[in-house]
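Letters A, B, C and D mark the chains in the order given here, with residues in each chain numbered from 1 onward.
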Amino acid sequence: MSDWQFALRTRRATELGRAYMRVRALSEALARPLDVEDQCVQSMPEASPVKWHLAHSTWFFEAVVLRRRFGYRPYDRRYDALFNSYYLSLGTSIERAARGLITRPAVPEILAYRRHVDRAVAAVLDDPEYAHLVELGIHHEQQHQELILTDVKHAFSKNPLLPAYCPAAPAVAETAPLLQWSEHEGGLCEIGHDGRGFSFDNERPRHIHMVRPFRLASRLVTCGEYRDFIDDGGYVRHEFWLADGWDLAQREGWKAPLYWMSPRGDRAFTLHGVRPLNPSEPVVHVSFYEAAAYATWAGKRLPTEFEWEVAAGDLPVAGRFLDPDALFAKPAPAGLRAQMFGDAWEWTRSSYDPYPGFRPFRGVAAEYNGKFMIGQMVLRGGSCATPPGHLRRTYRNFFPPSARWQFSGIRLAEDL
Amino acid sequence: MSDWQFALRTRRATELGRAYMRVRALSEALARPLDVEDQCVQSMPEASPVKWHLAHSTWFFEAVVLRRRFGYRPYDRRYDALFNSYYLSLGTSIERAARGLITRPAVPEILAYRRHVDRAVAAVLDDPEYAHLVELGIHHEQQHQELILTDVKHAFSKNPLLPAYCPAAPAVAETAPLLQWSEHEGGLCEIGHDGRGFSFDNERPRHIHMVRPFRLASRLVTCGEYRDFIDDGGYVRHEFWLADGWDLAQREGWKAPLYWMSPRGDRAFTLHGVRPLNPSEPVVHVSFYEAAAYATWAGKRLPTEFEWEVAAGDLPVAGRFLDPDALFAKPAPAGLRAQMFGDAWEWTRSSYDPYPGFRPFRGVAAEYNGKFMIGQMVLRGGSCATPPGHLRRTYRNFFPPSARWQFSGIRLAEDL
Amino acid sequence: MSDWQFALRTRRATELGRAYMRVRALSEALARPLDVEDQCVQSMPEASPVKWHLAHSTWFFEAVVLRRRFGYRPYDRRYDALFNSYYLSLGTSIERAARGLITRPAVPEILAYRRHVDRAVAAVLDDPEYAHLVELGIHHEQQHQELILTDVKHAFSKNPLLPAYCPAAPAVAETAPLLQWSEHEGGLCEIGHDGRGFSFDNERPRHIHMVRPFRLASRLVTCGEYRDFIDDGGYVRHEFWLADGWDLAQREGWKAPLYWMSPRGDRAFTLHGVRPLNPSEPVVHVSFYEAAAYATWAGKRLPTEFEWEVAAGDLPVAGRFLDPDALFAKPAPAGLRAQMFGDAWEWTRSSYDPYPGFRPFRGVAAEYNGKFMIGQMVLRGGSCATPPGHLRRTYRNFFPPSARWQFSGIRLAEDL
Amino acid sequence: MSDWQFALRTRRATELGRAYMRVRALSEALARPLDVEDQCVQSMPEASPVKWHLAHSTWFFEAVVLRRRFGYRPYDRRYDALFNSYYLSLGTSIERAARGLITRPAVPEILAYRRHVDRAVAAVLDDPEYAHLVELGIHHEQQHQELILTDVKHAFSKNPLLPAYCPAAPAVAETAPLLQWSEHEGGLCEIGHDGRGFSFDNERPRHIHMVRPFRLASRLVTCGEYRDFIDDGGYVRHEFWLADGWDLAQREGWKAPLYWMSPRGDRAFTLHGVRPLNPSEPVVHVSFYEAAAYATWAGKRLPTEFEWEVAAGDLPVAGRFLDPDALFAKPAPAGLRAQMFGDAWEWTRSSYDPYPGFRPFRGVAAEYNGKFMIGQMVLRGGSCATPPGHLRRTYRNFFPPSARWQFSGIRLAEDL
């Protein structure tokens, strides 16, 4: 190895190490406002306890990185049965809906587990063989950081005391900018990740897609606009809805987005407890079904994920992402393509299908994305709970069309 | 109106009338081998009783065609509550799972209902205003003809006596041709219906799609090949499966395609009762999950619906479709693109999303297709239970990935 | 055998034969007003299709009587899998909820099955070894006659057309007699069957029970009285209800007895279709939960089964039982102990526990009663759907406290 | 008030105060070995979190005692919505299955709540008006002490780590005494509480019951004996089982008592973690269904609750009850009526019906027992988890026949 190569490798290891430390520290910072009991609870099968997130993201480094290394001694072999999420090639684990029963190991034990793994990862940072896997583990943990927030919010919403995760931010007198439309001529467009830097397998390969001319809304649908939809019978007029969505909404008695205290939309449960809703802020916690019904009511449609990616173009990946110091309290964005990044995940009218030529990660991580490519819809752009540095223009998030507990919102589109 | 115009219109009305009569007669012919009780039973919420199919397809002509006509007197206004399937704009009806409780009206009454509507439709055949709607009703009834057969098969399979719908056809000593691969260079391809003749709204509009080079198997996967998959652990090795499919297969204890009497694949329940399986015949009654798992096991993949349509090209729409006189008893097909039409619906790796620029039918029929464009996969090509004359190259059938009771099979593809 | 013995035996055989013929004929008479489809439908797991009742009561003679006979050839060995209800010692059968799927054998085939068994039973009537078992089979079939009526009623109630089983009887201008109270001093009372004539095992052995002094209402609770309960918040005030009953009533939205068209109690669905309710007629189709809640509201209680039996004393077993020629159309009863027999089964405040010293029937019939002695309440006295000649003073009927589809009503009691 | 009366009243208040303190302290002592997370978890709807038990038993004193007092300020009015179990007259509360979501108030807050209520109760101890209600609250809290142990055991059994609640007791080399039979001539027997000292309403009124001569086993069924039942096909031969029990056992795959690690009965999960089973110790954690099936297999039966009470006669209420200092580690009992008290609750063949003349408590406590008198079986005698001083000869415990997570065992009986 030349001096130059060595220097480069060292610099990369240092950068990776810093990213690792920063991300690992953020996970624990997110847990800090919580009582121990808050970290153990599971309020629905789709959500997980905070301590499980802390342990699982640690176990992931063990399973994907450290186990490949000769002589690594797992912290506790029984943790496979507790903290493996869905990697069947590593054995079966406690069923998903029972994660809330894991009262032991207690939180301090899980923090000790994190330290053990941190030390072991530190020792492999300068080995290029592991660099990509460590990077994968970092991005994986960031995904769980967002889930920590959404899962805590859901659990707290089920407690009649409606506790606050953190004190209310100072009110921002936000006014929604006028809704405008950016026009895009479409044509043959390159879609997917170009291979420079990190990406998940589901963003690849880059390929050509034919896109028809379209218009995209300059900002997200606001709470005030969504309330107009409700006032106009949005939840009682079947004609706006997909059949499955209508059935689900009837069965579960939906009358407004999740966490709204009433269909009037004046107050909602948030991570700061119950607080007034600003009609100018983006509506969040809507399912794909609600997003699609809103769009139909508005005489528009949802964009495809291809249109979204084309429209994002070369916009810098900046916006209101997770800021643990000033959660959800930043000035409003502006411009023709406002809120493309951050604020709220945007439901697209694209099923989560594999890209042409898709190949899953190799090894254990083969189960990371591919096996979920059925029954889900693509969301784009990240949210106010997405950690900074995590998102990309080509990033494909995905959830079932019924999911409401994510920070998911609506951007409209129409044919040109 | 000129003489020429009048002649044309008369000829069209005559043709439409003939098609109407032929299709209506076939529905009743399909019910004829059945006891009255066989026509009333519903074996699962997804299936419907035969007499319900006979009445609903009749009600559809009333709802979509005849009601528009001044002075039409409905046969019985209470039938809306019995025979409306899912047209919410026409009111709600008995819940889907309860269709088997409709013992009254009895079968003779339903046949009288059919006669009443036949007479009324005859009177509008030469009115061009109604022609397209009558045509829609005809194609709609054809769809229910296929369901009559699949639903009877399912109901009979639940009776320990395993009755036969019709006597066994003379055995055809069929041998599967060698599996070959047709190559397609892809590129910018026209997808969707061109507007000449009838089509459903979901096949439109015609649009350009970018298709990468691919190979398509020359025939369907056979029972013998599928048995190799089973023998190699197809139903016990998770690595071939999508996560949802694996969970469902475990939960329901799948070990072979629906209706196989054992994983050995030597005998299956059919519309002729239990009979030996020919290893050369196409495997049917597999879910999308099984089709996708098989493809992964085989080192291939399922084609997209775009690839399928491109490959079908200008092949004549001919194959082993429903032949009431010689059900499922025809010589084997041959050639590089055998069984593209008929034999078995082919699961594609395409979610049932709207085409760019999709617009639903207008009026009542707006609820025909669009509202189901979520949570389903596209199937192409028709089956041995599809009535002749019903299919098109651009025809998009759709079912949830879990559905097994249709004549659904597998054709493999791979990147070139 | 002496001439006298022979004559006695012959006379008994003749009587048994007549009873057999009469009961078998009644079952078929009850099916006669029904279309074939009506006989095949099953509207809930607890109910069975009419043709299943016709076949099962026939199979019972085969299983309990004829199989014991050397050389008897079963009509069709596969019928065990269709028409065995719950006799696990004779193998398992189609699951209870799937009886409605038995479209084959068709009704004519089942009638042929009945003839086959009738001939075989005729041949054993004069053999004393079989007499008791034939008698058991007769009483068993009578139980299914009542179920034929209650199950048809339930199935018809689910059809939006609300068909009538038989034409409305001429209205009887019935007036409920004044509610009076018969007093009973209790003490050490003999309970259970004395062994003379037929009885089920669950009525035995006769034993002494200590009964405290009590009063019993002179008649059943009427629809008018029950409506007062509703008007006073009967279905919205939890304080009258047992906890399980309250939960069930909330979950299922009970607001009135089953089959009432509204809580006003002016019209109800009956075997004659929808007809006005006479406030003087006994309320029927209430669960034990409703009966107990009514009693609490009224400041009374339900009688125990012991009190009921003591009060019945030596009353002749006469009342408004099933009369196929004049269903439910007889003059009102009178007296201090009116309606003790017939009209409506009376819920008692006695769980269906075994009597002290209880021994089940021997052989196959061991599964007849004993294994159901858990989770059920005792009802006494028979109903308007109980065939004449079936009931006894010691007769113990039993249903889960949630059951509403039987002709079950309320008689009040109180401590003296 | 005379000096004598005052002295008596003061002595009673002092005794009551001591009992109160002792019982309240024991509840907290039982929680002490647990992590905070262990106290928050709910492993099934029938179980509750430990912290909920601590809060609910405190809330009960507020609701039943303190609220009656002018000027009492509730600790937090919102606690009604969290800690009311089922007293509908005090409003509705969080649904039973969601008690595990109450992460807030945290454990220290609940302990502060306990202190607040303790102070307020102390102030009313010498007021005779409240004495009975305080006594009721004490007995109520004792019932929840037993549930704390059974619910923790269930929750820990669901954690793959199988944690121990407390370290294993020193092994007691226990040998089961020979099974003998005590004979009882029965006759007219007094049943129920005589009114001296505390009792629940369900033990009253005392009344005469006719009991036939019977024999009762001298001790509980042991694990070794129960294993013989298993080895002889206990869980695969339907003929021993009640129908509902058989269905449930099949559906849930029962093969041995709850917590046995295998049908061999060599190891079981206990509050000390997994440990070897002594064949001589009583079998526990069997449902009524299993108890009844065992008795049938053994050619015996379960005793009625009347027989049990008669047999208990004037035995001192002594046995192996809860001893927090030496949990489950005491010498074996001996004699003809061993283990009547303590060791394991004994399933009886008596449904939980009201005694003749039963009247519920007045006021809020009316909902204590009466509304649960349906669908449950009576258990007698207390268990190793019942706090000392809680039991009486006339004590009626009750659970659904399916319940297995209590320390419930089997004593045999037979007719004499």
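Following the convention adopted for this analysis, contacts are C-beta pairs under 8 Å (C-beta built on N, C-alpha and C of every residue); 3 or more make two chains touch, one makes a residue touch a chain.
The structure presented is a predicted model; accordingly, all values stated were derived computationally and were not measured.
Trainee: Counting one step per pair of touching chains, how few steps separate subunit B from subunit D?
Mentor: The fewest touching-chain steps linking subunit B to subunit D number 2.
Trainee: With centres defined as the mean of C-alpha atoms, identify the chain lying farthest from subunit B.
Mentor: With centres defined by C-alpha atoms, farthest from subunit B sits D.
Trainee: From the C-alpha centre of subunit A to that of subunit D, how far is it in Å?
Mentor: 47
Trainee: Using Cα averages as centroids, what's the distance between subunit C and subunit D in whole Å?
Mentor: Chain centroid spacing, subunit C to subunit D, equals 38 Å.
Trainee: Please output the residue numbers of subunit A that touch at least 2 other chains, ranges allowed.
Mentor: none
Trainee: Any idea which subunit D residues touch subunit C in the complex?
Mentor: Residue positions touching the partner: 86, 88-89, 188, 207-210, 212, 238-239, 241-246, 288-289, 304, 349-354, 356-357, 366, 371-375, 401, 415.
Trainee: Residues of subunit D touching subunit A in their complex?
Mentor: Listed in rising order, the residues of subunit D that touch subunit A are 35-41, 43, 51, 78, 81-82, 94, 98, 100-107, 155, 158-161, 163.
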